[in-house]
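Structures given as structure tokens follow.
Here come two complexes built around subunit A, the first alongside subunit B, the second alongside subunit C.
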Partner chain A sequence: MASGKSPHAPSWLWVLAPFMASAALLPSYPVIGSGNGLTWSAPWVPGLGFQYALRLDGLSFLFAMLISGIGLLIFIYARTYMAGEPGRVRFFSWLTVFMASMLGLVLSDDVLLLFVCWELTSVSSYFLIGHRHREEGSRAAAHQALMVTGIGGLALLCGLLILSSITGTTRLSEMAGAPGLLGNPLTPAAVVLILAGCCTKSAQWPFHFWLPNAMAAPTPVSAYLHSSTMVKAGVYLALRCHPILSGAPGWGCALAWLGAATALAGTVSALRERDMKRQLAYLTVGALGTLMLLIGLGSEKALQAVVVYLVAHALYKGSLFMLVGGVDHATGTRDASELGGLRKVMPITAGCAMAAAVSLAGAPPSMGFIGKESLLGVVWPATPDRLYALVAYLSGTIMAALALWVALRPFWGPTGKASAKAHESAWSLLCGPVVLSVGSILPALVPGSVEGLLSAAASSALGRSTHVHLSLWHGWGPPLWIGLAALATGWALYGIARRKDAPVLRADFPGPGPEALYTACMKALPEAAARVTLCTQADRLRDAIRTFVVVLTLAVGGTLAVRGPWPALGSIAAHPHEIWICVLIIVTAIAAIRLAERFAIVAVLGATGLGVTMIFVLYGAPDLAMTQFAVETLTVILLALVLHRFSMLETGRSSSGQRAVDLFVASCLGVLMWALASVALHGRQGLSASSQYFSETSLVSAHGRNIVNVIIVDFRGIDTMGEITVLAVAGIGVYALLKARLPKDGQR
Partner chain B sequence: MGAWVPVVIGVLYATGFYLMMRRSIVRMIMGLVLLSHGTNLLIFVSGGLRDVVPIIEVGARAPSRPTADPLAQAMILTAIVISFAVLAFALVLAYRSYENIGSDDVDELRAEEP
Partner chain C sequence: MSPLILRTASDLLRPLLLLFSIFLLLRGHQEPGGGFVGGLIAACAYVLHAIAYDVAGARRALSIDPKTLTGTGLAVALSSALLSVTLGKDLMTGVWGKAELPFFGPLELGTPMIFDVGVYLVVMGTVLTVFLELRGD
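This part shows the complex of A and B:
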């Protein structure tokens, strides 16, 4: 701990990080508001064209303000929330790493820098979800989130690299409108890969399941990473890529369909949960889906609606998560049906929850209402999009019902069984929710306060200037009727939930989903790996050797066949004695595998060695010939000495089929080695540069005429030293083996 | 001769690896011997086949004609000695396991493992 005085509460120093970040960002607002961007860059990998390029425009500014501003509130909240928990320093370190990498993500203009920050957010999310690492559930959830977002991150990397190779730049700001982008055959691949990255990060169906499970994290993490910021990284990237890829086939259509599916799947799944955090997480999934749907529609009004909806969601959802965390802290449960009557003891919490819930339900006067009206205003007028209006109506209904459930059920009615010991949260736990709840309502009443900020963001996403007009009154018309109808049916749905006092849907509704598939894959993967390992790395040495030979033959032989050079045959002409030597080696080597009598094998092996010695004699290697001759003599003596002590005859033999397979495999390798030797022999003529050097300096520098000897004792003297050491170690090993007496069986 | 030595190398590798895939430990060790020969020859031919000994004649400062490759020879010299050391060690190891287990069959060795 940094501060020795307060052992329970983490130091205030941590709070400085988000505070400084927001303080540093705010002065640039006038520049951003006037529609300009700030850029900064420094070389990183100049050879590949990568730079530390940062760019602050309207969209980055909006996200950066959300990240640092909500971050500040979260840090203050977490300071109290985490007091008394072990590992606080670790927790705040990762929270700070996350904030920094998230800021880097939204500020980076270089694709590789963006990817690095993207991955860092996944990694810090992993550690934050798994903060209570002694709990099995936390570890599993952290692992799942990392797997899903990590695989998506790899896809994103490929997509971004394809994109930058098509456009010829690594700067996102220079990619829009690059010639040839839309007609390029690789563009669809880039679209699919980038969408995979966005959809895994932003928990789009069918990758959404990791987000509710990530609620195993401490509540500040859920409020910060998994509702307001990190899960919006995918939305951010989709917005960032919108000016670049909106014309590409499939971009808008895929985003809209995935978004609509996610909006429905997320909100419907929320109805089967008991835990308020998980309910809110599923609603987050639904809201993220709605955002993607709007980006997919891609019109000017749609992008305006995106920024409004996005800001509204970040504000009310951050507030609600922190409030649920406060209730959990005070009562020990997050199941609303066990609570009740808390408004008497927790009046501020109850008030904030009401305000945030108004925004979540999309009821006036709130940012959520304006967001929902803008959404309906986009999807209703265009006839082909009316199906999406149905999606918006259904998800709005469920959001309204659960908003009522979360804001009313714990606070009204008779005192619940878990409410007895409750108390109002400390001010530090309340300041975040108060600010965010007020933020959910106030801008709707004073629209001019945020219009500039939102307009700048929408302009960046659209690629041209646009003005976001916030208004609580859009006039009579279908969007208003649909919105009010959603509120009414939401109220009815809340009534059903209230009467059941339990989740509306069964916990297993509607049967196995994508998560079951993920679990099955994660289970099958190690099993398949084990099976492959068993096939290729058998625990019998000769099977391992066979695998090695097959792989070597296929890999090297295949490369040689495809790439060349094709081995030259070379000249057959030779002196008779040379041919006889070669024939001797070949015949004795084949005899060594055919013979069964041990001493006969020793004899033919000796003959093989002598044949090799003769080749050394013939081709200018007297030192080799002498050494080989001496070693060959020793080998024969050693083999004869050892073999007369034991017999090979009692050894079982492999089946004849197995021997045929082995012979075939070994022969294939023989052919490959023949080819390699031919290539080596006929490839380079003359000495290599190092041999040339040794030849020329042998006498001059080392005063020796036998170049081979000079190399051994002088140029590569340390090598020879190593060789002598190996020999000595082998000698000691042999001696020890012969002297050591192992205990017989039964005496161990 | 250029066509012959590569064939010798191919045969040494094929027979060496065939022996290494046998059940008898002694045969595996003999495969090792053949494999060392093949590898030494492979290094030898990659320096080129020339019959001039890499020795500087008296009176000259450097070889006057292209010689056999001295570097390849130095490496093979090291390899010959090391492979002999490995052979001796492996052979004694096989002998000791035969003494203790009474067999030279790798499969029976496996059965002996705890």
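This part shows the complex of A and C:
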């Protein structure tokens, strides 16, 4: 691509897209903040009730601001990060497509529009993960992410359609509180399907494995799609559906359990990794699990905690990814144990990493701390939820340990072997992390700055007005003790990791997971498909034709036998010349079976065809006769050419048993054709309804007397369009096969 | 061996076959005929030429790549289908116009006939693509 060779292309233009998106969104904040929503719609498929319906309320606004705001920082970052790479135009195009579809996802109010945007984010994610498409690992990761999120997307489509058929509307905003939704027997199916969509997209256990693998993408993509925005689409949808489905059986319970399992599986898996990007990715899985857990609990306080935790996570995780990318750029490694002492050469990077890590660890004073305190404040007081408090404690411990690992290990201690030639990142690589790191700390100190935004979002998710109160001090109590305990054990865990200077857990802990199952399925699928194909579409043309004839005979003959009418043995007044033609057809057909040389067989088959043509002539179908005549002529010529070119002049005789089977199958088809002809000749009197229609309207509305041709080019024109397209494609296919074939007259 | 009779016949028959194919194409809407059979017969004209002379000669006589004919045919058929959309009607609605020709009298022309021209070109192009490639050189 030319873009790779022109580093001076006006890449600032790309930055305009997120900038304008943010600028367009901001002025609507006063409306949103006052608890109202903006809607806009235009007809799409009016017959089915689908609309381009957009709706901007508190929840959409929060997500849209994260998407366009972090997008702006990411685009600035990526301009420098991707400077030396080929295919930058492709990269930025897909990044822009992603941003647009993600904005569409959070703004759409119509279920089908939401689904289309949902799929577009999966597709753009596929191309962005696979950006370095010459690397095997990138391609495999892109494919895996697309398969997992794509299958979930299909489930989501079914779920949303069920939901809209139950509620009688395609607008999400009108579904909440629809009568009969909760009692409907189909609602559980919709719940399961929508959950499948949310859980695949937001990397919930057991579908979480695609997210760490997606780290094969360039770092801006990891920071943007796979930590801040796209993976939150599932969380967004769960929040969006919460007012609709929170009363449905299984919704809250399933979300809470899946979320808790994900929070544990994600954070524990992070302890196996060496690569800082993969560590952060697993922590993202853990954080997404925590968010789902909170949505599952579903109380007012829980939803308040969701928005706080969500914003905190988007800020610190985006920052940390960009910082790791900067370190990777400067030193060539993302393994923290090979680094050390970088704070002397990369002071700003080190400072930002510390600030973001404070938030990741959930230590005061940061948004992460408030988020964790809110989480513990939700799960601790209610006795049945205390098990979740244990989950929160364990995941908090691991997050704290890895926050220390990521923020301290590369920057402190003696200079590591890969740190020697390091240098501070350019300002464009730093402005994103600086803004996001400051954003992780500052709102915790000035709570009033974001409370309105968060309250509006929580109100939309809850379905009624609520106020999010941010405070660093929640008073003495178990949530604070648990939070501090998690920090303390996290510090201890970091100590263990520091002493080993390697991942705490073995790489294969705890044995094969869901990914192994996925890989096995992906391997078994093509094999099973190949076996089925081999059964139905045999290698040899002779076997394929036999399958075809048997299916045709059974299907048509069976229908005829069940539905009638039975063929009648009426007599047909035949002229002598008609009888002669029939004799010609029969004799040539028998000759075709008896002859041994293929050229001769082709020739007598041509004669059979001409006999049939004569019958068309006699029975008043000149169109058919002409076409049949031309087709027969060309078929004989083409068949002869094929036989000659591929040296297939000799026939191999089949075994006598095989011939008996073939004779039986062919006879059955012959009898069926006789029965059909007999039914057609004797069974029906006068014109059929469709013939009547065509003969009446052909001249009047289609300006043609030749009904056959008018049907072909006008009444059934779309069919013909499809047919000539198939014909053209088949022709090109034959051409390609002939071109690809080895020597001109050679054997295979 | 030079098949003199075949070559002479081919030279005489080719223009006749082509003329006949166009005749069939144009009358198809009113009388037996149409784009499909017209395309087949037009292809026959060049098949005959390729058998009487050689493939290179047939390609020269055709003077256009048969694959191009196929593509052009598809484009013609599609554009005839789209014409009604530009006029605000449903896809493939027939659009008809009348013209008074000096010698032939009134002539009705419509998008289905243009569609038939597309069919003609696709059939001719596809048959010739396969035939000329199979026959080799």
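Operating definition for what follows: the second predicted complex is superposed on the first by the 538 of 748 C-alpha atoms of A that agree within 3 Å, B and C clash if a C-alpha of one lies under 4 Å from a C-alpha of the other, contacts with A are read in each partner's own complex, and residues count from 1 in each chain.
Keep this in mind: a residue touches a chain if its C-beta (ideal position, glycine included) is under 8 Å from a C-beta of that chain, and two chains touch if they have at least 3 such contacts.
Only a predicted model underlies this, so the values are computations on that prediction, with no experimental measurement involved.
Taking subunit B and subunit C in turn and counting the residues of subunit A each one touches, the greater count comes from B. In the superposition on chain A, contact of A:P622 is made with both subunit B and subunit C. In the superposition on chain A, contact is made by A:I637 with subunit C only, not with subunit B. Look at A:L294: by the touch rule set out above, it reaches neither subunit B nor subunit C. Using the contact criterion defined above for the overlaid structures, shared-chain residue A:G717 touches subunit C, although it does not reach subunit B.
In the superposition on chain A, A:M102 contacts neither subunit B nor subunit C.
Looking at the shared chain after the overlay, A:V734 reaches both subunit B and subunit C. By the touch criterion defined above, A:V549 lies against subunit B but remains apart from subunit C after alignment on the C-alpha atoms of chain A.
In the superposition on chain A, A:W674 contacts subunit B only, with no contact to subunit C. By the touch criterion defined above, A:L320 lies against neither subunit B nor subunit C after alignment on the C-alpha atoms of chain A. The contact surfaces that subunit B and subunit C form on subunit A in the two complexes overlap at residues 622-623, 627, 631, 634, 638, 642, 645, 705-706, 708, 712, 720, 727, 730-731, 734, 738, 744. Residues of subunit A that touch subunit C in their complex: 622-623, 626-627, 630-631, 633-634, 637-638, 641-642, 645, 701-706, 708-710, 712-714, 717-718, 720-721, 724-725, 727-728, 730-732, 734-735, 738-739, 744. Contacts from subunit B toward subunit A in the complex involve residues 1-24, 26-28, 30, 33-34, 37-38, 40-42, 44-58, 60-63, 66-74, 76-78, 80-82, 84-89, 91-96, 98-100, 103-107, 110.
Residues of subunit C touching subunit A in their complex: 24, 28-37, 40-41, 43-44, 47, 51, 67, 70-71, 73-74, 77-78, 81, 91-92, 94, 96, 108, 110, 112-113, 115-116, 118-119, 122-123, 125-127, 129-131, 133-136. Put simply, subunit A touches subunit B in their complex at residues 539-542, 545-546, 549, 567, 569-575, 578-579, 582, 585-586, 589-590, 592-593, 598, 601, 605, 608-609, 612, 615-616, 618-624, 627-628, 631, 634-635, 638-639, 642-643, 645-648, 650-654, 662-663, 665-667, 669-678, 680-682, 684-688, 690-691, 694-696, 698-700, 705-708, 711-712, 716, 719-720, 723, 726-727, 730-731, 733-734, 737-738, 740, 742, 744.
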